[in-house]
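To keep things simple, chains are lettered A, B and C as they appear, and every chain counts its residues starting from 1.
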Amino acid sequence: MTSKNEQALAFALAAILLVVGVVCYAAFPPKTPEEPVRVMFKSTAGSIFFDHKTHTADTGYAIACDDCHHEGDEPVACSECHEADSDVKRSDAFHGQCKGCHEDSGAGPVKCAACHVMK
Amino acid sequence: MIKRSFLGLVKPKLQYNLVPDSLQELSVPSKVTLLLKEPQNGGGTTTLKVGDPVKTGQRISGSPESAEYVIASVTGTVSGMAPYVDGFGQKYTAITIEASAQDDWDDEFNKEPSLDTALKFFEYAPGNPSFKPFADPEKTVRNIVINGMDQDLLLTANQYVVQNEAADIKSGVEALKKMTAADRILITVPENLVQQATTTGAEVKTVSATYPNSLPHMIMKDLLGRVVLVGDSLEDAGVVFMSAEAVAALGAAFKTGQLRVTKVVTVVGKDGSATNVRVRLGTPLRDVLQACNISVNDRDRLILGGPMRGVATYSDELPVEPCTDGIVVQDEANSAQVTDYPCINCGECVRTCPVKIPVNMLVRFLEARLYEEAAAMYDLNCCIECGLCSYVCISRIPIFQYIKLAKYELSLIETAEAANE
Amino acid sequence: MSSEKKLIVPHALFPSKPGPKAVDMKDEKKLVVAHAPFWHDGSKISTKNYHIMLAALPAVLMGISQYGAPAVGVIALATACAMIWELIMNLAMRRQISIGDGSAAVTGLLLGMLMPATAPWWVVVLGTFLAIIVGKQIFGGIGFNPLNPPLLALAMLVMSFKGVFDFDEALLNYDLGFAMSYPLGQVKYFGTAAIDKFSLGDLFMGKQAGGIGSTFGLGLIVGGLYLILRGYIRWEISLSFLAGVFVTALLFNLSDPTKYASPVFHLLTGYTLIAAFFLVPEDSSSPVNFIPMLIFGALAGLMTVLIRNIGAYVDGIPFSILLMNLANPLLDKIRPKAIGKVVENA
């Protein structure tokens, strides 16, 4: 039932959108910021959604980088060193770092299910 | 063509044309063609031959034993006899009469109102009134509804008659009372014709001007509070419908002693302008169109009747028949086109159907040619043939055509079954 | 379509000249014979579909303004791929080319609107394949799909690639100046205390994480009202769906306000609004009679909140509606008695 005009319109639309789509994907991949905004830690006990920016920003908790990233000149990701079988296991490191700070400062979640989410 | 309104939430409201157009009297055409129905069972053909003279008002019957006849609408000589089959397979003999200048009236018709007279002379009156139900001993018809509205959009021929020939309708009503056993005669008119209708002596009912309210089944339901059940005819429900023009023709004939051999026809041109004309029955469409200055080109549509229920015909040489209320010429560019797209189940037809048929399901069965299932499960036979489902169909499926085809195929099956028994 | 008994339609039955019948075609006009009605209201499938795309535009533009070029990429690629899959299927099945009716484009656009801006290209290509071919074309194309194509594709993708449709994870790197955790996830895992940070006004204005075109409540409602007023979608389904969501969420909320979010929160988050106006009223997978439409919408709303509150998935949308799609043929049996119908007592 579609007329020739409609078909031509559809072909044109499909072609233009295809080009736009491919260009967007090829030329503008989603940017990864240098300093992460949020981090999703995954573990066997579920994922932990960590708002990095709120912890570091001056408007948030204004925690200095080296308070957590304690090695190296430039901050490195926690799991670079803390692996499942290293001296300080990844889980112990995180529990100590996150939960410890939350307990000390009396703010932030300390119960398991307040961070761990089994999706 | 009335388009979908911007606010599609509301149902489409197709209004009938209400103000009858003025009337243009057409002169006697040079020739007329009368279509004489052949009896269903074959039987004898007319004794009329080419070259025979006929008089105006002369009854031409198929054969002495046949009940089919036509009334000559001019005086002249028969110039042609040809077989003709219409779109539904009905066979006719087409009788062409060369008209002479003067009308010479046949005197067989007498002014005594009786059912026999009605059967013998008025079934070919303009509007094709049916008197057979009154003669059928198995039927008790006590009601006559005179439809003062036109059944299809654009047409105003019947309304013209109510407006201008109320006196003829009045004598027609009196004659009907004498001829039939009907004890209740109603006339249905739009609001603006109530005043004229009250002078006719029939009980006046107002019908709203929205399509399809003037279709007989809708009048039965809305104004008489009776629902015609599937399988029943209107006569089975005790009501005979006649057009206002037919009753006026009846009245005029008994007043003057001359049968009415003219028909009021609404002619609608390509630009939608409508005029009413009065023509002799059997006038070729070409003559009518010429008189109205309407030209027809290749690929146009020439529609007998109105835009919702009419029949697009193939030749402008076909004649005006007693049931031809309108002639609509539609330009190719304006004509609705159908497609073979499938139903997308939008439900527009279901909401617009005046008798609540699940058209979305029905059309699926009809497309698959499951006619008996369609009738048994999806209310095929409830359809009153208004055409609104096709009008609103977004896929432009010829739903109305499917329905008519299904009914036709079912009737063939029924006929075959009856013949086997 | 032809009747079995051929009808005889004589060509030139009425010779213009008396005497032996001579068919003089020079004079004959070739008129077009057709069946009534000769009028049509002018509606067209393509018009309808392009209007649906138009109505979806505010929500899409909001998504693009938030997520930028990657959102354009997903939307454009999804729309284009959907049309291309349909074209491929048309050619493969040797049927008439049907992309002109806009239905494939609408399917692609809606699927794109449901996706996060970071959806990888292969998810888009695969998703449109599932929507167009598995969801629609293998059933016979437009009008024959028993399930809503974009939702079928979404359901399959959500189950296959959890991470892509976990909006918390998918949108990790975006900082748009509002709380970027996925509202439905927050309430599901942490209770209503965790959703205090979302103001209803922000949610309504699209300041929430979610699919590209499914977060801007105002835009979706404006588009939906436009479609309802123009008669392109059935208001009964949209409104009963919203009512179903509202009432069910209200009952849950009353039973335990610390665990279950308020009904308005449920209306403004997840896929609720895009579903109400663009997905639930999809033509071929939803009923057409009045009462079935109300039941269909209300039950879909009920199922949505049930899955959200006590089911396994964060958002119940694709599954609740797909489930009701399956019930559609049964529901549509509830219909008014046709006038004149004779009911035989069995």
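Definition applied: contacts are C-beta pairs under 8 Å (C-beta built on N, C-alpha and C of every residue); 3 or more make two chains touch, one makes a residue touch a chain.
Fair warning: this is a prediction, and the values are worked out from it, not measured in the lab.
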Identity of the chain that, by mean CA position, is farthest from chain C: B
Most contacted chain pair (by C-beta pair count): B-C
Inter-centroid spacing, chain B versus chain A (mean Cα positions, whole Å): 76
Rounded Å distance, chain B centre to chain C centre (Cα mean): 45
Chain A-chain C separation of Cα centroids, rounded to whole Å: 32
Touching two or more other chains - residues of chain A: 1
For chain B, residues contacting two or more additional chains: 341, 395-396
Two or more partner chains touched - positions in chain C: 44-45, 101
In the complex with chain B, residue positions of chain C that touch it: 1, 3-5, 7-10, 12-16, 18, 21, 28-45, 48, 101, 140-144, 228-232, 234-235, 283-284, 286-289, 332, 335-342
Sites on chain B touched by chain C in the complex: 1-4, 6-10, 12, 33, 79-80, 82-85, 87-89, 94, 96, 98, 153, 217, 221, 227-231, 284, 296-303, 305, 307-318, 328, 330, 332, 335-338, 341-348, 350-351, 354-358, 360-361, 367, 379, 381-382, 387-388, 390-396, 398, 400-402, 404-405, 408-409, 412
Chain A to chain C touching residues, read off their complex: 1-3, 6-7, 9-11, 13-18, 20-25, 27-33, 36-40, 47, 49, 51, 53, 113-114, 117, 119
Contact set on chain C toward chain A in their complex: 44-46, 68-70, 72-81, 83-84, 87, 97-102, 105, 117-118, 121, 124, 162, 166, 168-169, 172-175, 180-181, 185, 189-190, 314
